[in-house]
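I've put the structures underneath this note.
Here subunit A shows up in two complexes: once beside subunit B, once beside subunit C.
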Partner chain A sequence: MAKHPTPLLDQLETGPWPSFVSDIKQEAEHRSKNPKGIDFQAPQDCPADLLGVLELSFKEKETHWKHGGIVGVFGYGGGVIGRYCDKPEEFPGVAHFHTVRINQPAGKYYHTDYLRGVCDIWELRGSGLTNMHGSTGDLVLLGTVTPQLEEIFYDMTHKLNTDLGGSGGNLRTPADCLGQSRCEFACYDTQDLCHTLTNDYQDELHRPAFPYKFKFKFDGCPNSCVAALARSDFSVVGTWKDDIQIDQAKVKAYVGGEFKPNAGAHAGRDWGKFDIVKEVIERCPTKCMSFDGALKIDNANCTRCMHCINVMPRALRVGKEKGASILLGAKAPILDGAQLSSLLVPFVPVEKPYTEIKEVIENIWDWWMEEGKNRERVGETMKRLSFQKLLEVTNIKPVAQHVKEPRSNPYIFFREDEVLGGWTRDINEFRKRHAR
Partner chain B sequence: MAFISSGYNPEKPMEGRITDIGPRSFEDFYPPVIKRNKGKWDYHEILEPGILVHVAENGEKCFTVRCGAARLMSVSLIREACDIADKHCGGHLRWTTRNNIEFMVENEAAMKSLVADLKDRKFAGGSNKFPIGGTGAAISNMIHTQGWVHCHTPAMDASGPVKAVMDEVFDYFQSMKLPAPIRLALACCLNMCGAVHASDIGIVGIHRKPPIVDNEVLDNVCEIPLAVAACPTGAIKPTKTDFDGKKINSVSVNEDRCMYCGNCYTMCPALPLADYQGDGCVIMVGGKVSNRISMPKLAKVVVAYIPNEPPRWPTLTKAIKHIIEVYSKNAKKYERVGEWAERIGWEKFFELTGLEFTHHLIDDFRDPAYYTWRQSTQFKF
Partner chain C sequence: MEAEKKIIMDFLEGKKGKTKFYFNDLCKALPDMKQRDVKKILTALVNDGKLEFWSSGSTTLYGMVGAGKQHSTEEGE
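Showing the complex of A and B:
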């Protein structure tokens, strides 16, 4: 018997897509029956009361969660989000409903032993509800009470060898695509870079010292499956410098209809026979390809968009001189409008121990921590203080690749040492040449 | 309830404390076929919607079955996924960036028995627990935020409208008949926890009423200079006002300058914006993050306001499905929604979709607005 009637939410139980309402109900029932006789450390009816308060929001069209609340674990400034319900009497099970962010493993690969461990801890010490995963990448444990926070942290670190993720003005939990682990396009080991930097920057992740949040994301190739250049301040996107590798026999196999174009991604509609000229040569954004029985690529004019490789993955491979481009400054609309990341490092080899990449990161942080305003993302600092300044503090030489086009106004800031004779002038000397 | 200690001693918090260890290593979790072939994959193929095979240089295969899932997930459901992974996949599984679950096996027979097992699993209410799909020219799972489930700033729910939209477009999740992939996303406010601004079709919760000033507590719970500085349009000023016969420090809001971004509320809980009549969402169209063919681009607002209509947001879901269908019918193979709209011109986008173009859709926010106006006589009637 449900604790609260939920006639509105019940309408989200039908339809083919997995119903979160059915799932919460399943958990509510499981906790109510409690077959294992668990001495729940958070309210037993957490899920039931969550449904109750959500039903109220569905009815009233307003949220019932209060603003903030500073809770956490000793020594960390992030990883826990305080949350309180504004209807605690009606829904005591979610009166305190704090979130715990668990740093997910790179690539989001799991073994069931580990996940069952997380579930056991969370069933005992929290609501039994999670987000798999949060928008930044964390495994999110949704809803517990303050006295359980240290206990959860202790269990996570001691039993599962796992730490919390980030929140607040710090390095947020980095995330990556699955990369070389299961993808032939990946230009570097995203998992290793993600994991290594996450560990190297634990202090920045747990102890807020930044003007605002700072996100790392790692895409293995320009297809950008984790959307690094839209979702992260520091976006690392795999790329290559040399020629696309061509297997002409396999190109012919695609042309002859032996292989499915685009790995079968368009199989649900009859698009006609594969036409290499129409689908590859003419769709190439730089028109650097031609086909006369053999495929030719003018690699010096290729911008590595991946289209031809995506269409003919068995015939074309990314180049051999692989690495990554680094772009900086993506953010959501708050505050000055949404931004995508801008190209900062056209190419960097991605090799352990990643010294070159870390140098870029640390130069950016030093500058941003010095110059950034409170709650200013690095993308906004760049805009406020100029791309030139960013290049200067990162010791990166300006190249034409940095811009889509040069400026169309002549309001150039010259440094004094760039101008012959400098800026100190004598008005009397000037007046000798020009009467007042 | 008897308190069960983990071993943590609040008297001595540093005793036996483990910190700064980071996440578990991915090496602990790779399926064996992944571990053996990392960096040595030759090619991949989508066998049918939601089912991929990756073939290594040595001929070894990894079959992946991708299942949609609600992001909000109970431990009961995670355990069920674990049961499946134990039975079929040697205990290995992974999640994708878009909240899908992937089960991996090493041969076709194992893949087939896995698929058969997944297909029959339903929730008590009738929905699928592990629907297979989301690959290729399809609609993959929707990125979304917390909404009314857990957040203090939302202008709409997230899980609810996502369920409603995914039900509506489910056919496109389980097929690959679109011109290109469509990435859907929902953010329940402008803080936008997720890449909604660069999705093919994005839903963004917006407020439409300026904050209410809670004079009684404002000076006690907020730093007034921070609240003032939080406003991107300079709409908030410090002020002295009468409350209960006393002069108190507070703020005033220039309502004409407010664009309802909610940044002030983030800094000051005494400035709530949420309102059952004001709140709702916009639809944004044409963003992408992939560098394929065209450069990444931000999505554009094509519907300025849709009210919240719980539980199933019918106006919203209908509009989304309509945009998808018009795109699907008119775009060329490989063309993403934004590429299609740019090729035909946005004026044609509005003509073909029948969406009404209103003054709300013309950018008036700072310098970038000018670059979206048309400095040309080139346009289509």
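Showing the complex of A and C:
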């Protein structure tokens, strides 16, 4: 028998999708039976009370959660988000229901033993409810009480060799795609860069000193499996400098039907014979390709959309001179609408110890910490103070790739000291040569 | 470092009404110092048990230990 009647939540379970309500009910029942005889350190009935408070909110159409507070582990300003219920007498199981963010391993690779370890810790010390994974990539553990926070931190660090993730005005937990571990398109080792920067910037991850959140994301290629340039303040996207590699014999094999396009990914329906002109050449956004029995690419006009490579992966490969582009300033639409990252460094070799990339990062941080307003993302600071200012503080020279289109932002202006003779002129001398 | 710590604590003690501050607000107490160096002083004060973090989840503020809303008063309000 459920602790609280939940007719509105029950209705949600009737939809076609897997239901979080069913999941919470399952955990509530599991905790009430407690087959392993666990000495629960968080209230045994917290999943049941969570359902109860949610049902009440659905009924009253207002929240009963307060967020924020002085909860965390000693010395850390992030990783724990305080959550309190404003109906503690009615729902004592969720009077405290703090969230703990755990830094996921690079590429989200972990062994099932590790996952069992996380679940065992959370069953004992929390609600047993998790969110795998949060939008930023963390393993999110939902709902525990204040006295358990240090215990959880100790167990995570000592038993699982895992640290807390980021929250608040911190560097948030960096995230990356699988990279070279499983993907032939990856232009650099995303996991190594993600792991290295996570370790090198521990202070920024745990001790807040930024105006607002700051996110790193690392995509191995422009297919952007972690959508770095839409979701992170500092986006590193793999690219190449030279020409797309073409194997003409294999192009012919695609045309002849020997290989399935898109590696057979669209095989669920009969799309007819592969037509290279319609499906590749005419789909190219810059029209830089042609086919007259042999495939030709005008590489100078290629924008790395990846479409041709995705369609014919056995015939086309990314170039040999690989590296990454760095883009800055993406954010979600809390203020002023959503924003994609702007291209800052068109090409950088991605080589250990990543000194060039770290130099760009640290110059941006110094500037943003100085100039950024409270709760202002770096993309907003960039818009407010100009892209040109950003180029100055990062010591990057303006290049054509920085200009989206002439005379619309971000437009790059010459400074007076860059122009022979400066801006001053003798107006009388000028008038001798030019009548009014 | 001790002199700077004192400036920060005096700054906070002199504030009436507000108990939680953005990092940028505290940097105003040491205007000639680089922000990264101010952070080192604040971290030392946190480690000394004199300052504590307050976090909403999206934003983090600093406050003196014991000042303003405390964990023990959150529950039941």
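FYI, the second predicted complex is superposed on the first by the 404 of 436 C-alpha atoms of A that agree within 3 Å, B and C clash if a C-alpha of one lies under 4 Å from a C-alpha of the other, contacts with A are read in each partner's own complex, and residues count from 1 in each chain.
Here is the rule we go by: a contact is a pair of C-beta atoms (placed from the backbone, for glycine too) under 8 Å apart; a residue touches a chain by one contact, two chains touch by 3 or more.
This one's a predicted model, so the numbers in the text were calculated from it and none came from an experiment.
The superposed arrangement places subunit B and subunit C next to each other on subunit A without a clash.
In the superposition on chain A, A:72 makes contact with subunit C only, while subunit B stays out of contact range. In the superposition on chain A, A:88 makes contact with subunit C only, while subunit B stays out of contact range. Contact with neither subunit B nor subunit C is seen for A:342 once the two complexes are overlaid on the shared chain. Legend: residue contacts after superposition of the two complexes on their common chain; A:375 is shown touching both subunit B and subunit C. With both complexes placed on chain A, subunit A has more residues touched by B than by the other of subunit B and subunit C. With subunit A as vertex, the superposed Cα centres of subunit B and subunit C define an angle of 100 degrees, given in steps of 10.
Of the two partner chains placed by superposition, A:394 touches none, neither subunit B nor subunit C.
When the shared chain is aligned, subunit B comes close enough to touch A:198, but subunit C does not.
Taking all C-alpha atoms of subunit B against all those of subunit C in the superposed arrangement, the shortest distance found is 6 Å.
Overlap of the subunit B and subunit C interfaces on subunit A: residues 66-68, 75-76, 99, 203, 374-375. The touching residues of subunit C, when paired with subunit A in their complex, are 22-25, 34-36, 38-39, 42-43, 46-47, 52-60, 63, 69-71, 74-77. Subunit A meets subunit C in the complex at residues 66-72, 75-78, 80-82, 84, 86, 88-89, 95-96, 99, 146, 167-170, 203, 207-213, 366, 369-370, 372-375.
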